[in-house]
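Please find the structures below.
Paired with subunit B in one complex and with subunit C in the other, subunit A is shared by the two complexes that follow.
The block that comes next holds the complex of A and B.
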């Protein structure tokens, strides 16, 4: 039930690596740390690297939807990349695919920001 | 238990009194000794000098036997304070001259018993009448160096005592004044301390009875005032903590009632479905939950089968769950097509679900006469079907999106409707991800495969024992580990 967050900045886009499990017990940690990161930066373009995320529950998806909403309100956006199989399933099933953009590879997600300017 | 309090005041006053007496007593003693020595010294010096003067003056007169003149000198000497007698005694111990003329020619007698020697080596006698007399002597030597006799003068020791008396009284007065001042000072000072202490004690007692609004009033800007302020801060803190605890209790009580209301929405018994039976199990995680299941009679042998899961936990999820239950119960009866039912559910709830919350709903209309179930899924995972004939498990998962994610037309177009027929002995298993995501101590998740396997293991049985079996396997897997998500399962079975 731990969650590690690592960040690295590529061009103007901030990539946040998530590792571990994101369920109702670690959701507060995610929200706190993610807001710490967004608070420090002017850039509002984010990519969540989910390669290391072994598990995500509905509480986790709710948190992603929330942060996405906040970033969009500030003129930015949140995209996700490198989902594991289970996460991908829920992503399509619940319909999050109609709200948050996803990519297979992190660099594709980063590039997609440039395309839209 | 009311003990008579022995005030510390008395101890303080006693100590101060003793100290005062000790100090003033010691100093008085020293002062008196010094004065005594000094006065004694003076008396002696005067005595010695007087006696010598007499001896010098009287020598010549005695030599030429001018007795009158001699007597005059001695009488004059008597004018000095404290002189009791003045005489001249010859070598044969006879009184040659005396201030009292009647004593002449008598034998010299010491004034009393010898009782001591002065520092100046003069003899002190204890007289018969009780007083002490110091006797000074000086040799009378005439011009021609002949010793005529010895002058004896007697000085009353009382001279010394009288001189000291004044000092003595002054000292006594000072001691008495010192004692009065110090003891009163001690009394007032200790009262200044004990009075606030009593106020503090009283305040603590009142606080102890539960009245935490009582404030201790000590206006002094010293340690006692500090103690009072600190005490008041403490009771204020305790009061706030008490209020917070009461609020928490009230809130817990409200949560309990809210849970009871919510729990009442989850059916424990099911409507008569003819040859179909139903069983359900629900176990909330610690907090108030957001899962919901239902079997809604729609008439004409049709039933709405519901399994729903609201994202999130706590009161927000519970509120959405109750809204969902109300709206769904109405819409299920209002429309025949499950797609319409769920679309209308989404329209009804979409505006009300705040922020990023969503709810997954699996909804099917079971027709017991046609042995058919038509299903839609608003973002919910698959329903499992146990086929008795094949002893196998199928999964059915119509496409869709969760309630609260999409609006209106977008939502409806995404909904896929599926229908399956049900044979005798077949079982439908609807559940929330609390089961498939149930966690073992070691960290692994139960997973969909295990659910399917458990269903295979127990599918032959009636719904109720089947659920028992399934849940026992889940319990074994989790090892009794506390779960962070609600578990809800609904089983529908065709008996014949």
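The block that comes next holds the complex of A and C.
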């Protein structure tokens, strides 16, 4: 299964929807497409909607960390939402939870930007 | 009444016999999806929970990504996967001709600082060892054999179903 990436903006927060599988074979597609989106948008506040992401390996997590670092350096942030159970398990296991904020629902992640400013 | 495991699943007739399957793959990123499909379909058919199927899929993907990147250093090579299922246990052996490497002997670094600096990497082995119930390694004739096992928790803690239930209803032995 390939990786499909869609974007939409909700009150200054860009939601990027990921569908399919993210591993070392599709990570280049993610990075390319994500940078294309961040390059054309003024907002630096992003939420990755992982509801449709059926699989993610450490290569995918590494890509998320890289993009999060870039966005923070530009004064923005990257949050993740709607993770599937198996992704959530690895997210906590390797310690990504201490770096990238996650929310159960996309709308909660979007709202959290308003709270934090 | 059909026998069920802790998750309420009925492993079915197919699950009670040993199922073996093999695939040969090119050690390339394009093979990873096929590997997961191979694991998913057979374990699902045998009645495994999504948690255990996912654990094996993640572990084997991580291992194969390491093979592609480090053992074959991006130059390509071949690997063979042997899946052996006997519910509640699923075991997958990955054979490759890369340099000798026993991941169990590799020191797992504290990656918290790396993560905080926005760097990934060094997550694969930690993930594999945490998700699998058992990881074995041996080197035979220039070939690495990594064996990853997951085991479904059953009502009887891994014993044949019904075993403890029967014992519980037996009268206490006189001392």
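The criterion applied here is as follows: the second predicted complex is superposed on the first by the 116 of 117 C-alpha atoms of A that agree within 3 Å, B and C clash if a C-alpha of one lies under 4 Å from a C-alpha of the other, contacts with A are read in each partner's own complex, and residues count from 1 in each chain.
Keep this in mind: a residue touches a chain if its C-beta (ideal position, glycine included) is under 8 Å from a C-beta of that chain, and two chains touch if they have at least 3 such contacts.
Here the structure is a predicted model, which is why all the values come from computation and not from measurement.
**Student:** Report clash or fit for the pair subunit B and subunit C bound to subunit A in the combined superposed model.
**Tutor:** Here subunit B and subunit C cannot both sit on subunit A without a clash.
**Student:** Is A:55 touching anything from subunit B or subunit C once the two structures are fitted on A? First, second, both or neither.
**Tutor:** It touches subunit B and subunit C both.
**Student:** Is subunit A touched at more residues by subunit B or by subunit C?
**Tutor:** Greater contact footprint in residues on subunit A: C.
**Student:** Thinking of the overlay built on chain A, is A:95 touched by subunit B (first), by subunit C (second), by both, or by neither?
**Tutor:** A:95 sits against subunit B and subunit C alike.
**Student:** Regarding the shared-chain residue A:16, is it in contact with subunit B (first), subunit C (second), both, or neither?
**Tutor:** Touch status of A:16: no partner.
**Student:** Output check: A:85 vs subunit B and subunit C. Expected answer is one of first, second, both, neither. What do you get?
**Tutor:** Once the two structures are laid over each other on A, A:85 reaches subunit C alone.
**Student:** In the overlay, answer first, second, both or neither for which of subunit B and subunit C A:66 touches.
**Tutor:** both
**Student:** Could you tell me which of 223-231, 367-375 or 403-411 in subunit B overlaps subunit C after superposing the two complexes on chain A?
**Tutor:** In the superposed model, subunit B runs into subunit C at 403-411.
**Student:** Just which bits of subunit A does subunit B share with subunit C as contact spots?
**Tutor:** Dual-contact residues (subunit A): 23-25, 55, 57-59, 61-63, 65-66, 68-69, 90, 93-96, 98-99.
**Student:** For subunit B, which residues are in contact with subunit A within the complex?
**Tutor:** 309, 311-313, 355-358, 360, 377, 379-381, 397, 399-402, 405-406, 410, 414, 433, 437, 445, 484-485
**Student:** Using the touch definition from the top, list the residues of subunit A that touch subunit C in their complex.
**Tutor:** These residues of subunit A touch subunit C: 1, 21, 23-25, 55, 57-59, 61-63, 65-66, 68-70, 72, 85-86, 89-90, 93-96, 98-99.
**Student:** What residues of subunit C sit close enough to touch subunit A in their complex?
**Tutor:** Residues 28-30, 32-33, 36, 50-51, 54-55, 57-58, 61-62, 65, 68-69, 111-112, 115-121, 123-124, 126-127, 130-131 of subunit C touch subunit A in their complex.
**Student:** Show which residues of subunit A lie in contact with subunit B when the two form their complex.
**Tutor:** Residues 23-25, 55, 57-59, 61-66, 68-69, 90, 93-96, 98-99 of subunit A touch subunit B in their complex.
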